[in-house]
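Read from first to last, the chains carry the letters A, B, C and D; within each, the first residue is number 1.
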Amino acid sequence: MHDFFYYIQLLLAGITVGSLYALIAIGYTMVYGILRLINFAHGDIFMAAGFFMIFISATTSIYVSLPIVLILTVILGVAVERVAYRPLREAPRMSVMISAIGVSYLLQNFATYYTGGLARPYPVIPFLTREVTIGSMTVKALTIITPVLTVILVVALVLLINRTKIGMAMRAVAKDQNTARLMGIKINNVISVTFVIGSFLAAVGSILYFSNYEQVTPTAGAMPGLKAFVAAVFGGIGSIPGAVLGAYVIGIVETFIKANNDYAIFSNAFTFALLIIILVFRPHGLFGEKLTEKV
Amino acid sequence: MKRYIALFLACFMLVALVTGCSGSSSSSNSSVAPSSSSSSKVIKIGIFEPASGMNGAGGKQETLGIRYAHSVKPKVTIGGVEYTIELVEVDNQSDNSKAGSAAQQLVSEGVSVVLGSYGSGVSIAAGQIFADAKIPAIGASCTNPQVTEGNPYYFRICFLDPFQGTVMANFAYDMGLRKAAVLTEAGDDYSVGLGHYFAQAFEKLGGSVVNVQFQSGETDFSATMASLVSEGIDVLFAPSSIESAPLIIKQARNAGLTCPIMAGDTWENETIITNAGDAAYDVYLSAFFDPNDTSAAAKEFVEGFTEWLKADNTRLTNNGGSTGVAGVSALGYDAYMVALAAIEAAQSTDGTVIRDALVNLKYSGVTGECASFDENGDAAKDMAYIKTIDLETGTFKFLQTQTVS
Amino acid sequence: MSNTILRMEDVTMQFGGVVAVNNLSLEVNEGEIVALIGPNGAGKTTAFNCITGVYEPTNGQIFYRDEILVANYPQGKMKKLYAGENAGKYTKVVKRTPDEITRMGIARTFQNIRLFSSLTALENVLISQHLHINSGMFSATLLSQLPFIKSKARKEEEHMYKRAVELLAEVGLEQYKNEVSGSLPYGIQRRLEIARALATNPNLLLLDEPAAGMNPQETRVLTEFIVEIKDRYKLSIFMIEHHMDVVMSISDRIYVLDFGKLIAHGTREEVQNNQRVIDAYLGVAEDA
Amino acid sequence: MKQKRYLLYSLLLAALIIAALIAIDNSSLKSSMLSTILQKGVIYALLAVSMNLLNGFTGLFSLGQAGFMLLGAYTYAILTIPVEARSAVYQYFDGGLVQFSVPVAVGIIAAGLVAAIFAFLIGLPVLRLKSDYLAIATLGFAEIIRALIQWNTLGPITNGSNILRKFPTFSSILFPFAVSAVSIGLIVLLIRSSYGRAFKAIREDEIAAEAMGINLAKHKMMAFCTSSFFAGVGGAMLAMFQQSVQAKYFTSAMTYEILLIVVIGGIGSVTGSIISSFLFVACSEWWLRFLDAEHYIGNFKVPLLRAGFRMVVFSIVIMVIVLFYRRGIMGTNEFSWQAIERFFKNLFGRKAMIKEREGGGVE
């Protein structure tokens, strides 16, 4: 009944969604890899980036506001780490996680308060939203740009982590904080850098994401955030290629589920079912390395 | 450091306690200018509307109508004594789990009548509480049958989903459309209910229906739309919240779904036009009210209301930044007026008496026949306004009135 | 040989490519104090973890009395990777979780103290009696505490409590009964950890460096304590220890481990004069 | 004899509370905000304590609470809606499949059991996971349950995404207090039993606990199912309190709400959870509501105050507590008469204090 073109269309949609999840998921996986903390607020930082764009672009041109948004988001991300996570560095993991939930709660409520809870239209970014025609079909430019950009960013990131000094520091901290500290690595700086990168990617993600859906609500970050986290777990938390792979799997499969009218409402449920299954059969995800507790 | 925070917290809690207990009462004259310290007696009318949550936008617009009505008629005479009407507003957060305590707050405030709510779910959830407290409630725009059904204290001045659904079905069928997709939001009584009745009526007429549900908070409809395109439907009926409306419209058009898109009363909100932009062509919806109505009452209301909106910026923002008159505002206005008429008829501030007065009250307001309730307590509204979106002016354009049959 | 309580046969523990314990065979007889010594990283604790079910050995068998406690042979990925000896000699697989093993009568202490640190000394001891509880969750919840209700569960609870207090008294810790265990002095914590292990009433007690970080005075006290509990509770004791004076003063037999391999065993004298041991310990002797 | 005295105190306190409740019940206060808050507060107390049993006492960080509440609420509603009312409730599913209804008590217990059964099924795979993986897995489970219940195909049973109502609810404020009191009492007994001690051991150190012969899988499962059982009961109570129930609102936000109550009260303190439940409910639904409305002092409009501000203030307070008062109100302490007595004695001079020291005394 469906033609080939239809599936191509779905696939494209899935890849776009997947790429967006990927950009968020990397933030999760990096923070988790280093702090062993599920940064529940990550999705809300992503949401905040959306509102930054709206408010800034209202006063100035898109091209000026793009960099500003990136910077603001990074600042927000780092600020959150400073205020909400750093003081709890020595605290049990549960309370750090709770703090993360608290931050997400705060960001959402503040956004609701500030915007009155209404959906705000996202400014049109011409070079992302203009239509391009490939062969027989026309799609938004960002359908093409998103995956490409994602891949570029991921490669850059992997290089950063494997080739540079700071990358080495990150890996060291991820392996063993105390030893890393003894080796003279400034843990806090490394962690800040992690949050800088994470938030930056979240900001990029949010620009692409909201250009696609064209409106922002205070809760817009919650679901993408959770799904991105699932993606990160799926791929093996701490492993960037894993996170990206997971993101694409989730993005594509959930798109196909949504395309099935009878089961459309199970797209989220599926994501989590996948998570549980993965955790049961590979508790450390596809590429995650096992950490055993010393007895 | 810690000690100071402790201090701050303690003070905060204390303040909260003190102001809080008085808070409820101080919140009563909220936003209705400083409480006029007139010595005359006071009768309280509760406003049970969402100011936040997914129905916040509509709730605010409905509240605006009520506030305007209040500014027009702030007083009522009972038994020769002049009573000042005090509006008691609570935010039910468009959340059934919060609705209960919000309603309870109104009850404990000792209101005589309750108006609202936008969004049927909360009204259904809170209905019993009002009934138990013997306080009559007048629903302005809640269209789900269950609101008034089996609740002697709940009345309603707007039409119902079965009616609305049938109307839209007829309208679509008359346009020569035969294959409809009904897209509803899981967990939203309004959406699911209206969709259900539309499908029922449309199939009775001989059309075919594809049912699709999306989960609340969904932002990505591209896949759904793609599948609908390949289904080759003639019309998409998508009753849903103001939030998801623009997403649906835009992504439908992006996916190449060019057929008419239809919905119910909720879509009459200009933020949808703003957010959906020029994708919003061929969009039809049923509405409670037409601002360009030629009847004197309507004219007067529209002019007065627009003036009143312009007078204050917060009012404008609450109206989604525009001066357009939403149907729910008109209904809010009427609901208030009905309540007033009932109070005058009852010549009492007692809920039960007012309720009895409501039962056989006749009142015709700006949205047409608003009282003369049937045994369920629903107004005899036999006509809906079909509107479409006018992209040039970015407003809703009245198309025709449609009745069942 | 019914008087052996623990017997390890060709036990090899391999992590990835690293062989931590290599073909270790040893015996502990009823009523003996046997010491396992060796330089740091020789694989002593790993051996303990194999016995107590924390790790499952890659190859070999461990007997408790006459029944197989744990048994395994290289399978799956390990098949190719396996670098130890006696591959293919064993074909049985027996897996047991640590709690099962404890219930069979083998209790242990940990190198780095692992008390339930925010609970009181008494609670610590009570908890390790839980494994023998008869009453189920419901009767324990409903019948064990309410006054006026006489029930099996109630008796059991009272008995546990009585026993716990006795035990603390026997090991001379009663005055710390209600102290939070994490805040007790180091030496006391060590003692409490042993008491906690005793509360599971074991036949075989594994002590992982009981004297670690103690001064000579404390060490002497501990040494006596170990002998004392061994006699009182009819225990066999298998211990890892660095303090040579402890080892040499109380252990009946000694096994010496180096780089995962057994390099010597025998009585104190035999081991003391064993060249390989001296080499292995050269320069390390005072450490500990 | 000390024990006797405390028992007496407790009985007096209980009598006092009951008397107060009866007074509220038979006065104009019945329909006041106070009684509403008390009712919701006591229900949340049960929910918080049940979550605390898992997160605080067993150290299993589960975020599935909302899911189990949902199961409880729906089980209760589906089973107890009177047959004659069903056609009205299941309006789109011509009356639905279930064509019988059971008494309230049965409904509530069934609610707990269903939740517990699901807990068992989900527990088999996920309880092996470590802290935060467990958290995310249980969170996901709650989402799945919600989607399932809203699924139109199950409509004849669950009424799909439509509201369930018209089931029997309680009229007397005593009812929720009674149920919660009994449930919490049971949880406390469990915590103080040998099994409760085993749970604590697992929280303290899984490896040591296992080495002391505690079967991790078994005991984690016990804690998980018990907690879920009471979450289910709590869900049923919440449904009764709301007089209607709809899957849509049992989101992870609800779980977070209860988690925050537990944190504010003190992870690992039943008393704390109870106290903070009342505070939390009162603040979020009553005392702080005034923050949501614009105020005028004379003609001066108080800044900031407008819809939504309450939640902002609220979340800031929560952050402050999480950051600076990690132990919450009670830490891991419980209410005890000794503590109270000591407090009063301390008011009168040193002598009493010294005497008390000799007495020692646990908190």
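Basically, a residue touches a chain if its C-beta (ideal position, glycine included) is under 8 Å from a C-beta of that chain, and two chains touch if they have at least 3 such contacts.
Predicted model only: the values in this text are computed from it and were never measured.
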Key: Touching subunit B and also subunit D, the following chains   = A
Query = When you take the mean of every protein CA atom shown, which chain's own CA mean is nearest to it?
reply = D
Request  = Determine the centre-to-centre distance between subunit A and subunit D, using the mean Cα coordinates as centres, and give it in whole Å.
outcome  = 33
Key: Where subunit B and subunit C are represented by their mean Cα positions, the distance between them in whole Å   = 71
Intercentroid distance (Cα basis), subunit D paired with subunit C, Å = 42
Message = Nearest whole angstrom, what separates the Cα centre of subunit A from the Cα centre of subunit C?
response = 47
Note = Touching at least 2 other chains, the residues of subunit A are 112, 116-117, 222, 265, 268, 295
Ask   = Which residue numbers or ranges of subunit D touch two or more of the other chains?
value = 147, 150-151, 207, 306-308
Message = At least two partner chains per residue is the criterion; list those residues in subunit C.
response = 54, 110
Remark   = Listed in rising order, subunit B residues that touch subunit A in their complex are 52-53, 56-57, 60, 186, 210-215, 217, 219-224, 226-227, 229-230, 242-243, 246-247, 250, 254-255, 271, 274-275, 277, 317-318, 320
Inquiry  = With touch defined as at the start, can you tell me which subunit D residues reach subunit C in the complex?
reply    = 186, 189-190, 192-195, 197-198, 200-201, 204-205, 207-216, 222, 226, 332, 360, 362
Message = With touch defined as at the start, can you tell me which subunit D residues reach subunit A in the complex?
response = 55, 59, 61, 122, 125-126, 128-133, 135-137, 139-141, 143-144, 146-148, 150-151, 153, 207, 252, 256, 259-260, 263, 267, 306-309, 311-312, 314-316, 318-319, 322-323, 326
Ask   = subunit D touches which residues of subunit A in the complex?
value = 36-38, 83-84, 87-88, 91, 93-95, 97-99, 101-103, 105-106, 109-110, 112-113, 116-117, 222, 226, 229-230, 233, 262, 265-266, 268-269, 271-273, 275-276, 279-280, 283, 293, 295
Ask   = Where on subunit C is subunit D touching in the complex?
value = 52, 54, 97-100, 102-103, 107-108, 110, 114-119, 123, 126-133, 137, 140-142, 144-146, 156-157, 160, 178, 196-197, 200
